[in-house]
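Can you keep this structure in mind? I'll have questions shortly.
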Amino acid sequence: MQYPRIELFAPGHRGCAGCGAAIIVRQILKVAGKDTIVTTPTGCLEVFSTPYPETSWKVPWIHVAFECAGAVASGIESAIKVLKRKRGKFKDRKINVIAIGGDGGTADIGFQSLSGAMERGHNILYIMYDNEAYMNTGIQRSSATPLYASTTTTPAGKISKGEDRPKKDMAMIMAAHGVPYVATACVSYPDDLMRKVKKALSIEGPKFIHVLQPCTTGWGFPPEKTIEIGRLAVETGVFPLYEIEYGEFRLTYRPAKRKPVKEYIRAQKRYRHLTDEDIERLQKYIDEKCKLLGL
Amino acid sequence: MVNIAAIIYEPGNSVRNKTGGWRTFRPILDIKKCIKCEKCYIFCPEGAIQEDIDGNFIIDYDYCKGCLICEHECPVKAITRVREEK
Amino acid sequence: MKKVITGTSAAAEAVRLADVDVIAAYPITPQTTCVEKLAEFIANGELDAEYIKVESEHSAMAACIGAAATGVRTFTATASQGLALMHELLFIAAGMRLPIVMLVANRALSAPINIWCDHQDSISQRDTGWIQIYAESNQETLDSVIQAYKIAENENVLLPVMVCIDGFILTHTVEPVEIPDEKKVREYLGVYEPKHAYLDPDRPITQGPVGVPECYMETRKQIEKAMENAKKVIKDVNEEYYNIFGRKYGNGLVEAYNLENADTVLVAMGSVCGTIKDVIDKMENVGLLRVRCFRPFPKEDIRKFLENAENIAVIDKNISLGFNKGALGIEISSVLKNKKICNYIAGLGGRDVRIEDIKFIIDHVRKADDDETVWVNCKE
Amino acid sequence: MIEIRFHGRGGQGAVTAARILAKAAFYDGKYCQAFPFFGVERRGAPVKAFTRIDDKPIRLRCQIYEPDYIVVQDSTLLDVVNVFEGLKKDGAVIINTVKDMEFDYKTYCIDATGIALEVLGVPIVNTAMVGAFAGATKLVSLESIKKAILETFSGKLGEKNALAAEKAYNEIIKKYGE
């Protein structure tokens, strides 16, 4: 038996067929276990998992607003501390406080709140499931949208190649907060992702994991390819997997030979406007980034 | 009656929402070919693939939305697709 | 024990006495001295609480929501721009039925930027589902914060409460305040033990789900019902508090002052009521109806107490731009039929409301033929 | 009701002086209120603070326009602001100066800077001025002033400030009689 059998995210949710976010949540909760409280900012996950009177969550869960998951998690963590200290509740139990937010709720509107929570040193784990755009509202660009991706607010057109800015590097920004643990992970590598969640939860203080989540609807690929696309992102070096533990950087996966970025790009509709020359430029950009990480 | 603050007190009660009706294609798992690598299990967005008491993986068609990640990821082609027909 | 302290210190003392568990706050004038005092209490071991030094008022309220939803007693304080920044979360705190208590040090809103007192900040949060209590003195500030927990945590209410005090006029003024016995207050309040909402792995509930059209309206109606319930609870708490601590404020919702035989009645909120009382003590047939609780709005009491008034002068330290009336003026007019009600916009942005201004208002309303709005002591 | 207005410069502790006076009145069994006039002034700019003292609870919340007393912490303020504005005809002035000044009001001159420099080593005159006020008006007792000062400043600093107040108090009595 490879994976824990515990299921804390129930079926019946309204996620798209092939939704990577749902897979990520299943994987997270398998390692986090029952003694976990989850907060989710507004976003796809929040919406598809809790249309009243139904919930898919089997752990205590709370949604407050779009831009404040970091602060909400801070409040929960502080309350647990107080309950332990003043009332003897949860005595000798480790209660995990996990925020699971999309890239919009994390890298954009929730960025300040997240930064505050990380800087203050709360014992929380923040997981960003990154589908590289505002999928909940219909594929608008976020600061996590990668270069050249076409979204509804950065559409490719006669004079536009889609998004004109490179992706914001959230993991490195979080690492700059000096938190004890930062990692990147991808839905397609469950062993790696689950090991990182487990490790993060064993560390006291603020932790951040950036998880890539290919989105069938937003990226434009058939639902069965969610895992394959994620794998391509990693194998091409578009999305390197690493962890930074107490400031020490370590690649956690090194492709035997990096695949051409073209394979990843051509598999998605959001990039279909790109010419071979465009992809060549992207390849160069990715090569440089990989070189920096020693990949 | 709506609960105070619309709090939901029944954990995981979305199970009453059977999403099997979403399917266009139905994955069929051939347990004879299955090598129990658990890929379909860990990659199913619905958690609709579970082990039965004999240790075989079975697909819960009440919830399977027919995304076919399982079919696509199966290393031994133990899962195949058929058109849903009414 | 009596101490000469500021309004913000009085609020902080109340928070200490209430044994609050989690405080999340961000500094803003003229509230800051409150959260500084609380930091001092914690630093000296006089209050055992987690103090989250958040990076904005938005996060202050979000952290309070997170903590309150985990089942502990919470407090924050803010003013003006900070309260405005919290706006969307105020709806959420009320919608999630979390008994958060907040001190609002009333201050004008930008632009132009102004740090001084008026009520525009809290009045602008009128419809968020928060109970609003306006205190007249530092003593009432302390008592109201303690009472706020009793009211907010009442099972028939379960709504957040903001205690509003006039910036500088109370926050930075020292005066004698009776500080009740800690043990007595803690006995009175007890420990907050929610039945409806708390995050606990042993009882995994979902808080803050998607309120689909089939349920949303009901949740709003439930809050309205809770507001209605709050009227009685606030009155009861006012009495109960009097019996234990020896102080009460009118009937809890409104305070009637010199209303017998009054043909002219001033209606106002907050610290200006003290000045009004001093002025009308020396006059004939002038009374004051102090609205202590703005939400829930005490319609019934207002009708009852203003029944015999001929000249009603409503003083507002806020303005509904485009309607040329203050919020209290609008609401009093909607509650009373066939009455002459003049609205006086006064004290915006820290403009002092002087004795002569009160005298002017009384004189003006008595002479007025019809409803009128007057900007008091305001140049063209 | 007695109303007192303090004039000082930002950083000289006029607000603290107003509060110490209020607390002292409270220790004498009276009701009191003290509040600043908060502007945007920083260190050095002219500032005002107010104290009210009464035998019954004080409800008035407006500023003080016709004070019974003014306390001028810095005589150079005379050139900058009209410190006498609204002062009642039978009101009095307590002013920090090395000179013997005469105004249209009963005037008490005190070299509070001298006392502050001697006792505290810094020219912060607020506690000396409160002591002088007590000596001049007898509205509050020296004991209560000292108690309020010791409550405001901890340890040695409190003791020194209480001494400064006492010196100023005695100085005024010596100069103007009981």
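So that you can tell them apart, the chains are marked A, B, C and D in the order they are listed, and the count of residues begins at 1 in each.
Everything that follows uses one rule, which is that contacts are C-beta pairs under 8 Å (C-beta built on N, C-alpha and C of every residue); 3 or more make two chains touch, one makes a residue touch a chain.
Molecules present, by chain and UniProt name: A = Pyruvate ferredoxin oxidoreductase subunit beta; B = Pyruvate synthase subunit PorD; C = Pyruvate synthase subunit PorA; D = Pyruvate synthase subunit PorC.
Everything quoted here is computed from the prediction, not taken from an experiment.
Trainee: Any chance you could name the chains that touch chain B and chain C both?
Mentor: Expected: A.
Trainee: When I count C-beta pairs in contact, which pair ends up with more: A-C or A-B?
Mentor: A-C
Trainee: Work out the mean Cα position per chain and let me know which chain is farthest from chain B.
Mentor: When every chain centre is compared against chain B, the largest gap points to D.
Trainee: Would you kindly tell me how far, in whole Å, the mean C-alpha position of chain C lies from that of chain A?
Mentor: Centres of chain A and chain C (C-alpha means) sit 42 Å apart.
Trainee: How many Å are there between the centre of chain B and the centre of chain D, using C-alpha atoms for each centre?
Mentor: 81
Trainee: What is the distance, in whole Å, between the centres of chain A and chain D, each centre taken as the mean of its C-alpha atoms?
Mentor: 63
Trainee: Which integer distance in Å separates the CA centroid of chain A from that of chain B?
Mentor: Between these chains, centre-to-centre, one finds 23 Å.
Trainee: Going through chain D residue by residue, note those that touch at least 2 other chains and give them in order.
Mentor: Chain D, residues with two or more chain partners: not present.
Trainee: Multi-chain contacts in chain B: which residues touch at least two other chains?
Mentor: Residue numbers touching two or more other chains: 2, 6, 8, 11.
Trainee: Do you know which chain C residues sit against two or more other chains?
Mentor: Residues 96, 204-209, 211, 215 of chain C each touch two or more of the other chains.
Trainee: When you draw the chains as points and link the ones that touch, which shape shows up: line, ring, star, complete, or other?
Mentor: other
Trainee: Which stretch or stretches of chain B touch chain A in the complex?
Mentor: 2-3, 6, 8, 10-19, 22-23, 37-38, 41-48, 50-51, 60, 62-63, 65-69, 71-73
Trainee: Could you please specify the touching residues of chain C with respect to chain D in the complex?
Mentor: Those in contact with chain D are residues 2, 4, 30, 115-116, 136-137, 166, 168-169, 172-176, 271-272, 274-275, 277-278, 352-355.
Trainee: Touching chain A in the complex: which residues of chain C?
Mentor: 21-22, 24, 48-50, 52-56, 58-60, 62-72, 74, 88-89, 92, 96, 191, 199-201, 203-212, 214-215
Trainee: Which of the residues in chain D end up touching chain C in this complex?
Mentor: 19, 22-23, 26, 31-36, 38, 40, 58-63, 65
Trainee: Along chain A, where are the residues that touch chain C in the complex?
Mentor: 34-37, 39, 46-47, 50-53, 55, 57-65, 67-68, 70-76, 78-83, 85-87, 95, 112-113, 115-116, 119-120
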